[in-house]
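Okay, so chain A shows up in both of these, paired with chain B first and chain C after.
== the complex of A and B ==
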């Protein structure tokens, strides 16, 4: 693969074939089937199934939302700093961040249940419960259905807007190779990163922190963002490797790019740990009841085993596993850590959200799996459909050649 | 080799060949040249560039550095140092409980562990880079080649040393020539290194001797005594240009030359009580302790006194006022196991069988004053308990005293059975 790719090879390596179409249909079919089946069971099943459905669905939604947000962040930061090495993998990120409209649709059931006054997922929907304590009463101005819908609308408007802006300009460049498009995107990147930071922070407050409306942690947005970036890098590693298994992107994404994706993954393993500990440490040390209860609920009963599992599996073991340069340049080893960390990110979200429903201890439900796979199937199916509409790498980007030649020190 | 550059500042020393230096105009030709030299099997050679070059490691065939392992060692040393430091100081040598956390409080240690790990990793990386790159190097023969100075500016070089076993005057030169260098020169080196001027030796010896002076002074201080004030390298605020109390002021602004000023008429000094009355002092106008109450005594005041007594007094004096509260009991336990010394038992407020009069003759005003300002090892509670509550406590203490040795005739008939069931007084 040392030789320069010819134009024909480049086209072959960046275009999906017929099998992608059948794969995307299959994934969509399985995903929809799982979603509809689970929904049917939620209504027909035993008492409590609907609430279990709401939580499992919300965790799966947040899992794919975080990965998509990570993609938007990565593309924005790429243009912001004028990165070169990441040009060959940027299209994968652009395709991932095309999932925002799907995520908006997937959020509609939750939004409708809030409108209907269903306080199963978000306790704050119940006005009565919000009046039950002084602390909650003070938050009514923020946590109410009207303002919630306004905020969600702003989040998705910003995300969909910027995702479309970056992706469509990048695709236009595939055709005309206009350098000015890169300059245009670079110009808007600073605004995009600021709005991204604000919307992601508040989305983390709204989607996850507000599950326990009494609790507050100002660093929670950063904590969620760490998971977004981590799951994005892991998913990108998995996607490019799958594409290469199918004979695509070969000679375009090289060991050098995997090495850098691995470095980012390693960095965010530690960044996540740093932020998670910062959040824990201050609350633990100050020992104020209105803050500590969140951790108490997540350390009691069988939840402590999940907490220890996260400490080991999300931080300490991957830290040791990813520290070596050789691991980051080894396909099998990097793939192992990418898949492991994706699963750990889901466990992290599960540990954040699920103790609200199962206070006594861990209770796994088939919804946890069926909805994750269901949303995952639709997510992946539509991803492939988008990928068929264009190339798998921005071949006419002014930095594409530099990215191909890129070598780590 | 006639046209080779020879150093201009020729001294009386002999010159020998250090090696060849080839100059290149761009990175690509440098990498190309490196690959050729690498493939020829040379070991004592180097590439020089004004900036880091991607892919140069491969082109030169450089083995991975051991630096990461050194940094890992530094990091682990830092981590273990931090754990040992905190464990020894906080849990072993000087056990100290901080905001109710355990002695071995791992979450609280992590920031220090993190910082020391990073610090020692960074220091070991910095020092190792210096040592592994043989820095600082004060002299290098390559700088005898005039054009080599542009290696830090805009040119790229490959140098092959004559010390390399494969080095051959003509073969090596033709190898470098085959890489199409922009220039190819022989680098000369002096056979003998220049001698250090004699003055440097004297300065070195003198400096070494001088370093013994502080050590000697410190050593002397270990076994001698002195009344002289300590040496103040940093004065902090030990000496200040100010007057102290009871001294004469040399400052002429005060006619009476006193450093202390008289109270200005019509002002209240800190601690003065302009509204002093029996209610706040416990004394009458003549300065004697009052034995009555300056407030209206009623059941409400008694209830208030009981409550306040339970909060402020009972921990030491006990709920019955006999001097065996929770604090006192714990102190006696510690005394018994030799874990504490110098404990003074809290006074019994109600007297004993042997000395039933003790403290019962104390006037109300004096009891009030003891609560306000403390007595012996007891601290004053004037700042914490308002005057009205202090009087309420005095009232309740009076009730306790009366109840302790109540004659049978005075016990209300409905409580007689209860009193009979109590243990004997004084126990």
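== the complex of A and C ==
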């Protein structure tokens, strides 16, 4: 950035134009169409379509949930440590974490099927199956519909509550620039991070680990969190770059911020690999049947090629690709890795969940794409709607200037 | 701007260097300690006690080698007793230095400059203490070099599939990189001592150690480069060392040892105990050598925040382990955890929980975080608690294995206790020598975070 932004430029750079609203309607329309079309096919289509729908839908849901959780974590940690550099990109995260109410609505079909006693997605819904196994019998106190609904209600109450708290105070600051609002958010950040850690962990247990109710891994919550943070950073890179394509956030999110976002992406590629390796290696080495079956199922048939693909595409290749500072400061290169890693995160979730349905090997289904795009369309459409209601950056944050000025060494 | 003054008063932290010190003042405060002819009397007292304990340790090691490992309390079923507990304890402490130097550097945390030097020194000495225990635990100490994969005519190789061997590589790599990092940071400061030296002996010794440092722009440029690269190399090492230590336990099938969260949980615990040790040492050291302007209350408060945060992570791991032990439905896992909390070793378990999870909770309050007596008590409690954490892991799981007929109760012998106490002698001997003869604060780095170094920001 050659010169400081004038007030007019700042307003122009942080306000969405007229075309945003038509884009948002288009995305919403396409998304809803895909969702409804897929749902219609799930009911009318051949045998097994509904179960396929449940799984594809759940994976797409978890994909967008993880990104949104990553956004909540980022905003919380920003206030917790009093970060400055991240101020200019924080609003993007705040807009993303506004998706929790949508995610709650999107979870209702799954919740409803659990209530109805449909054990297509979660085996533990069936009381008979839980009673038939000694191992599962002992878990009924935790894995039962009533307690599940209570837990889901707690998760969303915590997530929606804190997301609203941080986003609304941040927006209020856009108007008056009150420093006390920052102080207020900092005060609540420690509580937010504790509740975030607990709810995210148990959500990971409930939404993904419990798909195989016999299986357990103490690190699984951390594994899911690594994916949350990674997909959040990648999505933020993509969103800010798209905004800049449309002539917004220019001179506000600079190469310095991309460099730092790239560092975080790199860090979480590494961290994800560290956690994934720890989980795999310890289970493989100890070779206890009650744990190894989970990996055995995920190496079965063509699933092994997905596993190898994840090892390469989620860890080794992006690790090499993101090491260099030149890559992190180059828009095209960083965008490439951000999109690649978003896809890989989806593949990771797919590999965790889908072998429950397709035990013998990979069977891609139209729903995998249509529901990902369907939820994605609604997610993006509502994101744009929220963005139109305010500014794209917290311009009156006490550290906004510092964040604009900041330089990597 | 009026808004910036309110920002500062509400949100910003006090400056990192207090007492109105300028660049020369900082140099004098730190280097003056090394140059001073007068050693504080208390230093001599502490050094004397440390050397006596060190001699006791050496005597015990001689006794052990002469007699055999039977002098320890180790026995079936608890074949890993205090030596392994002490090893993990000391390795854990050796994590703060590199975290402060490397990870906080990458996070651009300016406050690390006040404490990184002696945290790194502490790291190196703690790793020396740690390396001692497995070294003498192998039984035939004179064959310790077999741990290294040295080509030999008998084609005998170490067991590469054993995490105990990975430990050898992980800890020795960590020690090497930490020592290099520490020494690299020392070079400009040692050159300062050389330049100010008034006696030929001092000029010669520090001159040799300064490796020809002249402080030219080119040298600084290369120095900064090397520093960044070493920081990047050290960062994965902070994770790897204690992860590999955790593998020693977690690859096994012993209930309470085999759990997937062990690697990150051990790393969090290591940082937790390392920071507690830094606070334990920083508070008396800064009082003894008048470093309060450089190691300010803000530094201590920041460290206490890290202690609180990592203490919560450790508490998270305890809770998740307990929950999954139940959720797994595995009777042996369930038994192990109930046995930990309510069995014969319940006293150790509750010491661990009280010291590691409950005690740091006082740091939620700013008054407590900034009170020197409170933080000393908490830091020492955390040190105690983290020793007991390793005790709980090693002893409770081993003493109650799969066969009730082989169950037993572990009791340490006098040699166990004397060696553990003696390892503090080794640690403090080295640390006190460091405080007296090397600059305990990174002078050049502290100057870099002073306002005077950034005139454009005014």
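Keep in mind that, in the parts below, the second predicted complex is superposed on the first by the 409 of 409 C-alpha atoms of A that agree within 3 Å, B and C clash if a C-alpha of one lies under 4 Å from a C-alpha of the other, contacts with A are read in each partner's own complex, and residues count from 1 in each chain.
One rule holds for everything that comes next: a residue touches a chain if its C-beta (ideal position, glycine included) is under 8 Å from a C-beta of that chain, and two chains touch if they have at least 3 such contacts.
Being a predicted model, the structure only gives us computed values, none of them experimental.
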item: Combined model on chain A: chain C and chain B, fit or clash; value: clash
item: Which superposed partner A:407 touches (first chain B, second chain C, both, neither); value: first
item: Partner chain(s) touched by A:188 [first = chain B, second = chain C, both, neither]; value: neither
item: First (chain B), second (chain C), both or neither touched by A:30; value: neither
item: Partner with the higher number of touched chain A residues, chain C or chain B; value: C
item: Touching partner for A:285 - first (chain B), second (chain C), both, neither; value: both
item: First, second, both or neither for A:333, with chain B first and chain C second; value: neither
item: Identified clashing stretch of chain C versus chain B [7-15, 43-51, 61-69 or 385-393]; value: 61-69
item: Intersection of chain A interface sets (partners chain B, chain C); value: 281, 285, 287, 409
item: Chain A-facing residues of chain B, complex; value: 52, 54-55, 57, 64, 68, 99-101, 107-108, 110-111
item: Chain A - residues contacting chain C, complex; value: 82, 85, 134-136, 138-139, 142, 177, 179-180, 182-183, 186, 190, 194, 197-198, 201, 205, 214, 216-222, 263, 270, 274-275, 278-279, 281-283, 285-288, 290, 398-399, 409
item: Sites on chain A touched by chain B in the complex; value: 277, 280-281, 284-285, 287, 325, 406-409
item: Contact footprint of chain A on chain C as seen in their complex; value: 3-4, 6-7, 10-11, 106, 108, 224, 228, 236, 239, 243, 247, 250-253, 258-264, 312, 316-317, 320-321, 324, 327-330, 364
